[in-house]
Amino acid sequence: MSYLRNAWTVAAWANELEPGKLLARTLLDEPLVFYRDAAGQPQALLDRCPHRFAPLSMGRLCDGGASVQCPYHGLRFDGSGACVHNPHGDGRVPAAARVRSYPVVERWSAIWIWMGDLACADAALIPDFSFNDPAHWAVGTGSMVVDAPYELEVDNILDLSHIEFMHPLFASEAVRRAEVTCEQDGDTVWCKRFMADDREVPDFIRQVFQVNEGPVDRWLHVRWNAPASMALWAGGVAGGRPTEQGIVSQQAHCFTPESRERTRYFYSIAFPRAMGPMAEELAGQSVAALRGPFENEDKPIVEAVGRRMGGAALFDLKPVLLPGDAAAVRARRLLHAMIEKERA
Amino acid sequence: MSYLRNAWTVAAWANELEPGKLLARTLLDEPLVFYRDAAGQPQALLDRCPHRFAPLSMGRLCDGGASVQCPYHGLRFDGSGACVHNPHGDGRVPAAARVRSYPVVERWSAIWIWMGDLACADAALIPDFSFNDPAHWAVGTGSMVVDAPYELEVDNILDLSHIEFMHPLFASEAVRRAEVTCEQDGDTVWCKRFMADDREVPDFIRQVFQVNEGPVDRWLHVRWNAPASMALWAGGVAGGRPTEQGIVSQQAHCFTPESRERTRYFYSIAFPRAMGPMAEELAGQSVAALRGPFENEDKPIVEAVGRRMGGAALFDLKPVLLPGDAAAVRARRLLHAMIEKERA
Amino acid sequence: MSYLRNAWTVAAWANELEPGKLLARTLLDEPLVFYRDAAGQPQALLDRCPHRFAPLSMGRLCDGGASVQCPYHGLRFDGSGACVHNPHGDGRVPAAARVRSYPVVERWSAIWIWMGDLACADAALIPDFSFNDPAHWAVGTGSMVVDAPYELEVDNILDLSHIEFMHPLFASEAVRRAEVTCEQDGDTVWCKRFMADDREVPDFIRQVFQVNEGPVDRWLHVRWNAPASMALWAGGVAGGRPTEQGIVSQQAHCFTPESRERTRYFYSIAFPRAMGPMAEELAGQSVAALRGPFENEDKPIVEAVGRRMGGAALFDLKPVLLPGDAAAVRARRLLHAMIEKERA
């Protein structure tokens, strides 16, 4: 299957892109180099000099970000991909000396990239992660590489019934008995899980929702946008109280394929700056706490699933589907249709 | 070339399959999970949940062995491969929720598996390794993985003329001057090597056969059954005495392909329990002593041969064959014919 | 693209081939074993016994170099590739028991091999590296493996305009402003670079050319012969003096493909024995000093270029060529033509 190209996808967290440094990252099988220009704006170029194909990311940033210099013979390129300096001979720049440049937007603590048709690269199409707006939220961010197709990560987040089996720390039996609904709104898919009157709540969960005793009403709402940008609202409130009074943890789970078999996983958790300095501290602690289960519990299983599937398409393997797969199947079919349409 | 599927092959030594534990092993390119059920009987399932394709071996054994629980969403399967528990929603089990199950038999200290046509899985077809019957024999067992096609291991054991060159500790020049006969009895191939009046016997061999001085009559009898289950009788007696009075070391050399290029090697050596407690001790010491040459002398050469052959079929490479190759060539042709017949 | 086979190429430095030892080396995808025979002459055989395909290089040299014994079943082969000993049974040697043998010549401190048509293997075709004649020159030699196609190493040496960007220690801006000429003389390609009146000479370069102050006239002359044997004369003299009075460093840069993606790099630097004992010392020090930049500066970039090209042919990727590429392009087209002609 091809990739969806006409979509914004996370290339990096904004804090991964340090001024004055080049960041190399392969996405959708394309080697890219990211940097901040003299104005601090993110730029993305194909990480391959058009002369002798050396990675620009092994070179250096010149003039405070005005251009990137190739490490091999010193050609320099600006953020539009134009060669702006040829140090050799008479210094003439061949007309063909251009490198592909990609639209990138810094928004909601992330660097978003558009790897498709330039004419369609409208920043308004970036899905809403306003809860990661650094002006109002302290955002704890993390990322890791998973050796599995990105679709398997979408499946994992869209069917949280796995929590009880994979993450004992976060789960109670209530999760699997939850009332689950799958909704579609245009190209957005939702999976909403409501666990009323949970009486076997793990301590960790009680702390998060600040319900020290008695039953808890809990919910897990996941929103998917193509190709694999997901928001998760995990809420809880003392049993029977209005959900509006609850505490809600807001997470991003965004995945960008490096290749068919390797995925970069961007996750975050946000706390309102209105909480004061504690917000920043909580964001840091919480995202660090998430890393353990993601790395040690989800990742090994998701990677093993990938190996067991051996590169085959899911439906070709005729999976036995359960009701909990509804949202993941919906998202997958929608994604397939979008890719088919794009290729037509 | 395909695998021979309608045959019993060793999947594990019986002592590798510990009660209460799951054992993952890939054989014939199929991922399998082995365990002992509540009655202690060995069971084998395809190691891939039919729902989302997680390896069952990453899950856990439930109810003392009654079922295996998938690590991802908690479906449980019994030894027949039936899904016996769905923890989600109303708990209904989809009719298609079955995983492939394989006939397995514990016999002669080994777990034998049948990966072919179920209708033909007759335990009477397991080749006779009664010298490994734990009731009467102390059996020292070992195993290792060799990165080479299993056929090369068959060649290695069926032509022991390599001993002098590869294993100086075990060999004298008599080995290559031995009288060698190749016999076929139905689908069983024998290679019998008799070394009369050996006068340059290594000390190690004298100890084994308890002939402290003078010439020794020695023999090496190897029996092959498809695909790669071999018994080796290594005997010796004071020169000129009847072979019936000799001491015979009884070994199994059984090979099961993990893939075309990787083989699991199961070896053993047995001593009669009639010897008393010394039998167990000898079995342990002897199998440990065998490991060194197998690991350090056979394995590197056999793996290098595999690399040099580069995946080509032996006869396509037009090997220069010597008389000592007779049994190996016979077994290989027989195996090819059996595989061809099975595929027809 | 195929390899050029009808050409001499460096297989090893002469000092890598120690008497009494077997040297295994894969060149042009063929596994080879090298050794010195009883007369000290280099020999090369296919490193694969024709019986069961074990690597001869895992065996041993017999009778002071008269033959190589296979590690598996003990067949022995002489330098012509003939089986000269079969230790088994009646000792008869099958007529087909031959292993391919390759013409090899020890000349100019190197072992040259011819892997093409035997009828054309004329030692007079070995390109002239008489500055590496050990009788008159102290030759410092080194080698390393580069994970990139050998053509990229040719490009690297034939366009030394990279020096300023990759090797600050060796370079000044004069290199890129040099007068560069590309010449072809039969099948020999030259790239000559003259840097007149260099006033920003690095200290290291001043020392080499013994010009402590004032401008320096410098030159870099590179000669290429197919497939990838290059000589480099790096000279310098006080500005305005005749080049004949200058000091010239003489280097070999010879590359032999192990495979399409892996290259063995042989480099050397020679000093006249007329200098006395200092020549040997200087050769050793200088070749050690070269290793750092080759290993840490050229190799990572050349390997990265290989990865970026992903196995594609250079011209298929439509490189933007600069004037400095003239010699490398000339050599590449010549090499292609020679390979095409050889295959016709």
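As written, the chains take the letters A, B and C, and residue 1 is the first residue of each chain.
Heads up, the rule we're going with is that a contact is a pair of C-beta atoms (placed from the backbone, for glycine too) under 8 Å apart; a residue touches a chain by one contact, two chains touch by 3 or more.
All values reported here derive from a predicted model rather than from experimental measurement.
J.: Moving only between chains that touch, what is the shortest number of steps from chain B to chain C?
T.: The least step count works out to 1.
J.: Over half of interface residue numbers shared between chain A and chain B means same, under half means different, so which is it?
T.: Since fewer than half of the residue numbers are used by both chains, the interface counts as different.
J.: Determine the centre-to-centre distance between chain A and chain B, using the mean Cα coordinates as centres, and give it in whole Å.
T.: Whole-Å distance between the two chain centres: 48.
J.: Can you pull out the residues of chain C that are in contact with at least two other chains?
T.: Touching at least two other chains: none.
J.: Tell me, which parts of chain B touch chain A in their complex?
T.: Listed in rising order, the residues are 31, 47-48, 50-55, 58, 69-74, 86-89, 94, 96-97.
J.: In the complex of these two chains, what residues of chain B are touching chain C?
T.: Per the stated touch rule, the residues are 155, 159, 161-162, 164-166, 176-177, 300-301, 304-305, 308-309, 317-324.
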